[in-house]
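There are two complexes below, and they share chain A, which is joined by chain B in the first and by chain C in the second.
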Partner chain A sequence: MNAVDLASSYDLIVIGGGPAGLAAASLAARAGVSTVLFDENPGVGGQIYRGITSTPVTNRLILGEDYWAGEALANEAEASGAVVVNGATVWSLDPERVVGVSIAGKARLIEARRVIIATGSQERPFPIPGWTLPGVMTAGAAQTVLKAQGLLPDGRTVMAGTGPLMWLLAAQILRAGGKIEAILDTTPRRNFLRASPHLPDFVLSPYFAKGLALLREVKAKVPVRRVSSVAAVGDGKLREVVSDRGRMPADLLLLHQGVVPNVNLALAAGTAHAWNERQLCFQPVLDDHFESSVPGIAVAGDGAGIAGGTAAAERGRIAAIAAVRALKPAAAVPDPQSVRQRLRREEMGRAFLDWLHRPADSFRQPEGDTLACRCEEVTARQVRETADMGCEGPNQMKAFLRCGMGPCQGRLCGLTITELIAAQRKTTPAEVGYYRLRPPVKPITLAELASLPISEAERKAVER
Partner chain B sequence: MRTADVVIIGGGLHGCSTALHLALRGLRPILVEKDYAGRHASGVNAGGVRQLARHIAEIPLSIASMALWENIEDLVGDDCGFSSHGTVLVAESEQELAGFRARVDDLRLKGFAHEELIDHAELKRLVPAVSDDCPGGVVSRRDGAADPFRTTQAFRRRAIERGAAVIEGVSVTGLARNGSVWRVETSDGPIEAPKVVNAAGAWADRIAAQLGEPVPLEVIAPMLMVSSRVPPFIDPVVILRGRKLSFKQLANGTVVIGGGHLAVSYRDENRTVLDWTKLATSARTVWELFPAMREATIVRAWAGIEARMPDEIPVVGPSRTSEGVFHQFGFSAHGFQLGPATGAVMAELVATGATNLPIDGLGIERFKA
Partner chain C sequence: MFKRLAEAGAAVALTVDGKPVRAVSGDTVAAALLAAGIDHCRTTPVTGAPRAPYCLMGICFDCLVTIDGVGSRQACLVPVSEGMKVETQQGKREAGR
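On to the complex of A and B.
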């Protein structure tokens, strides 16, 4: 499907083809709603099921049964009648539900009566000393390469961080025949106290057995050390990893401390967000049907607050049911109660996991020369000093220091900047707020923008 | 009850500049800003410090400002990121060039020499990247560009250092005469002062209306976009007349593209919604004019809320109805350059009741029904 082949409007546009987007688009299309799904990747699947229709890793044991569960969702979407467009980057969404999308170098503005944002999550910034050295990358990036290309990390590999995904990736690497020298577990010990009231729910949740098995599998093969500091050291390239438990030579350091909602598109559309103290991130303010504060725009999946891949699909279904009911009240939809029940079951273990893996302050609020914004090379010290001088929020900080103005558009520094300002000014991230984000939420080339059909441009210009 | 010599409503560059100049005159102003200084037009504009192509009525202000810009560090203790590479107005046709020639000749007759007509060769020398089809243009060589937020903050900081008070996050909600002073109501309690300056930008019409002198202020939101870094290829700020475009490469290689296309604005919510169809028009113009930009990426786009008057020149001068109140708003998308000197003029007006610099034609009485 090319940009020129798209209709100028659809009943429903779903943005993101992970579990949430796939489930939402399938459900809506089956109910007879004209639906298009845009995803920027070459294939559907999102993060959890990345490369599900194309991965070269065909030994099903390596990525595990939870990964292959994505096949059913992908097939369902394929059969549903939804128009699924891959390689389609959405760079704008406005409150009137006009979606700016680029496909193969051409841009279009497409209108929708409803929009479901299902753009998922991203890894939380992990700003330790040396995190920008070549040889240091996020665990998620390593997993992306493994899923998409079947490639394993090279050389002496160390992992550092916390959270279920770190252990999952370690297991996937080991199963694929890769080697990990050590895992530096940054989970603060005292987190368990905070998490323990939620232990009973966790034990009953689907995560419990899987999580334990995963830990056992990894710990049997890799030495694991609890640490309370990590730094990457090297000249022009990683040489060793230094922690409070000693130093070790390494060629590759994989960092991960959980995932947070990918808020850029939802924020650019003008939806209200709020700080989630348990998950230490901003997330959209949503009603029971995952409808945002902007009429007609819903946010489903991990973008609505982290709850995992299975919950993402159920959330996508709930949002889609609401969309179908609004657009085609007579259409048959699945019973929302049973969907909600499954969602509740999925969400049950979450509180325990969140409290247990809540990264320590020192791993979120760097000091000294550690970079807070890597694009514009702004250090933690600069941010702290500017906050001391009276800078009260990330938007002013941006104007003072240019942090968040680089190509990543604040994704890799947003939370760090907010938390640093809050820490320094002795207030809360909720009070400090987040970057004011604007489209384009993904860089768009001048050529793409210039390619917007003129007729469309003129038509819109008249309408407004 | 707080009292002051002057209450300034609005912490854009204009309010901050007036605060500084009043403080320099030994007065004690209180500036009240509903958000934070530089949150709106003054902090997010294109930073163009341009005398070129201005309405005759504001040229004296613009020229006075230019002199202050050239020594901006002396005034505010910060270079404000100012650099001077000129502004070039490119003619895209012989016909357009003829129009420019008439304007430059007319300015000469009136005694202004800052605009200079250039031929194709000089245009190519100044802007090698421009298309070969352009027959010439106009240059104002002393023009330049500065960092808007940094500039506004520098004025704010220096004003405070010189004795002004700046209150942010507080709105002015009304004002009324109370004997010999004005009682300015704010969301954080009243302030009394004999003099008030209305520098409330795109919200200034509300203050004027309260004083019984409504103005036809239009709220607009000019848009800008900025590219990824590209190798340096252009020094001056380039503007077009026929097709709306302003174009400037910053020292870090990024290119700021503007030109007056408007977003939809919601001033009560401090919100704007970009219009990509119009940004696409700008992109097409750049694509045609500067082949060097074709591979560039647009990384950010935004709009700022601004006041535009029907005649596109500001309101600068005393209130028509209310003694002790002065207006300084309506800069119609080109008030950044005017900030330094307009503050000085306002301070002079407030302090002495008169000003040496001609501001004829800028008074609010021109909108009397």
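On to the complex of A and C.
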């Protein structure tokens, strides 16, 4: 589908084709609501099911059954009648639900009566010394090329961090025949105390047995060390990984400390957000139906707060049922109660995982010359000193230091800057707040802007 | 840094800074660079430090390259195609070139 073939308006626009977006679009389209789904990746599936319709990794044991569960969702979306457009980057969304989208270098503005933002999560920034060196990437990045292109880490590979996804990727690499020199586990030991009240729920949740099996599988093959510091060292590229437990030569360092909602689009659309102290991130303020503070705009999936891929699909369904009810009250929809029940089951055990894998302050609030902002190369020291001088918030910090002004628009520094300011000024991230974001949330070229077809009304306004 | 598990797709010929690179259909440009062992794809505008793809999901913008004459494209989001000309970017961003 090309930009020019799109209608000028749809009942429902879903942004993001992971489990939340796929489930939402399928449900709405089946209920007879005209639905279009935009995703910037070449294929559907989102992060968890990346490459689900095209992966070259055909041995199903490697990625595991939780990955292949995505096939059903992709097939459902395909059969639903929803228009699914890949390679479609959404760069703006305004409170009147006009969506700016670019497809193959051509931009369009499309209107919707309802919008579901399902842009998912991103990995939490992991600002350690040397994290910008070639040879250092996120665990999710290595997992993405494993799923989508069948690329396996080669050479001396070290993983560092905390959280279930790190262990999942380690297992996938090993099953594919790869080798991992060591895993540096940054989980603070005292986290267990805070997590333990939630242990009973966790034991009953679907994560428990899976998690234990993964740990066992990985620990049988890879040395695991608890560390409280990690640095990447090298000149122009990674040479070694240094921790408080020693140094080791490495060609590839994979970092991971959990995922956080991808807030840029929802913030730019003007939706209210709040700080989540357990998950240490901002998330949109939503009602029971995942509707945001801006009427007609819902946020579903991990973008609504981290709960995992299966929960993401159920959240997408709940948001879609609300959309269908508003747009076509007579249409048949699945029973929302049974969807909510499944969602509750999926959300069980989350509190334990969140508290257990809550990254240490030192891995979120860097010091000295460690870069806080990768794009504009702003160091932690600069940010801390500027906060000490009286700078109270991220937007002022941006004006002083340019942090958050680069192409990533704060995605890789926003949480770090907020937390650093809060730490220096002895206040809370909730008080400090986040960058103010405005469209475009993705860079758009002048050529793309120029390709925007101008409506009759707009033309009349300028023609004399 | 990376090797291919299986060669499922058809071969796709690209050039990177004028040199031929063999990719596979289904690769993104960033995946093709990684598989070819190209260790960085740009240098930063501020200090000239080398950068390579970091997130491979469209959020870090460290994979910016020039593709068929268009500057600052996210290599991790663009699928390869036959005859594509990829250039690494030095220093200053070449947006909208």
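Here, the second predicted complex is superposed on the first by the 456 of 464 C-alpha atoms of A that agree within 3 Å, B and C clash if a C-alpha of one lies under 4 Å from a C-alpha of the other, contacts with A are read in each partner's own complex, and residues count from 1 in each chain.
Note that in this section a residue touches a chain if its C-beta (ideal position, glycine included) is under 8 Å from a C-beta of that chain, and two chains touch if they have at least 3 such contacts.
Worth saying up front: this structure is predicted, and the values here are computed from it rather than measured.
In the superposed model, A:447 makes contact with both chain B and chain C. By the touch criterion stated above, A:155 is placed in contact with chain C alone, chain B being left untouched.
In the superposition on chain A, A:438 contacts chain B only, with no contact to chain C.
Of the two partner chains placed around the shared chain by superposition, chain B is the only one that A:392 touches, whereas chain C remains out of contact. In the superposed model, A:42 lies in contact with chain C only, and not with chain B. Touch criterion met: A:56 reaches chain C, while chain B stays clear of it.
Put chain B and chain C next to each other and count what each touches on chain A; the higher total goes to C.
Of the two partner chains placed by the overlay, only chain C lies in contact with A:141; chain B stays clear of it.
By the document's definition of touching, both partners, chain B and chain C, reach A:407. Residues 406-407, 443, 445-447 of chain A lie at the contact with chain B in one complex and at the contact with chain C in the other.
Touching chain A in their complex are the following residues of chain B: 36, 38, 43, 149-150, 153, 227-228, 264, 271, 273-281, 283-284, 286-287, 293-302.
Every residue of chain A that touches chain C in the complex is listed here, in rising order: 40-42, 47, 54, 56-58, 87, 89, 105, 122-123, 132, 134-138, 140-141, 144-146, 148-155, 176-177, 236-237, 251-252, 262, 374-377, 406-408, 411-412, 443, 445-447. Considering their complex, residues 1-9, 24, 26-28, 31, 34-35, 39-40, 44, 46-47, 49-62, 64, 70, 72, 76-77, 79, 93, 95-96 of chain C touch chain A. Within the complex formed with chain B, the residues of chain A that make contact are 92, 94-96, 98, 100, 107, 109, 270, 392-393, 396, 399-400, 405-407, 409, 438-440, 443-447, 449-450, 452, 456-458, 460-461, 464.
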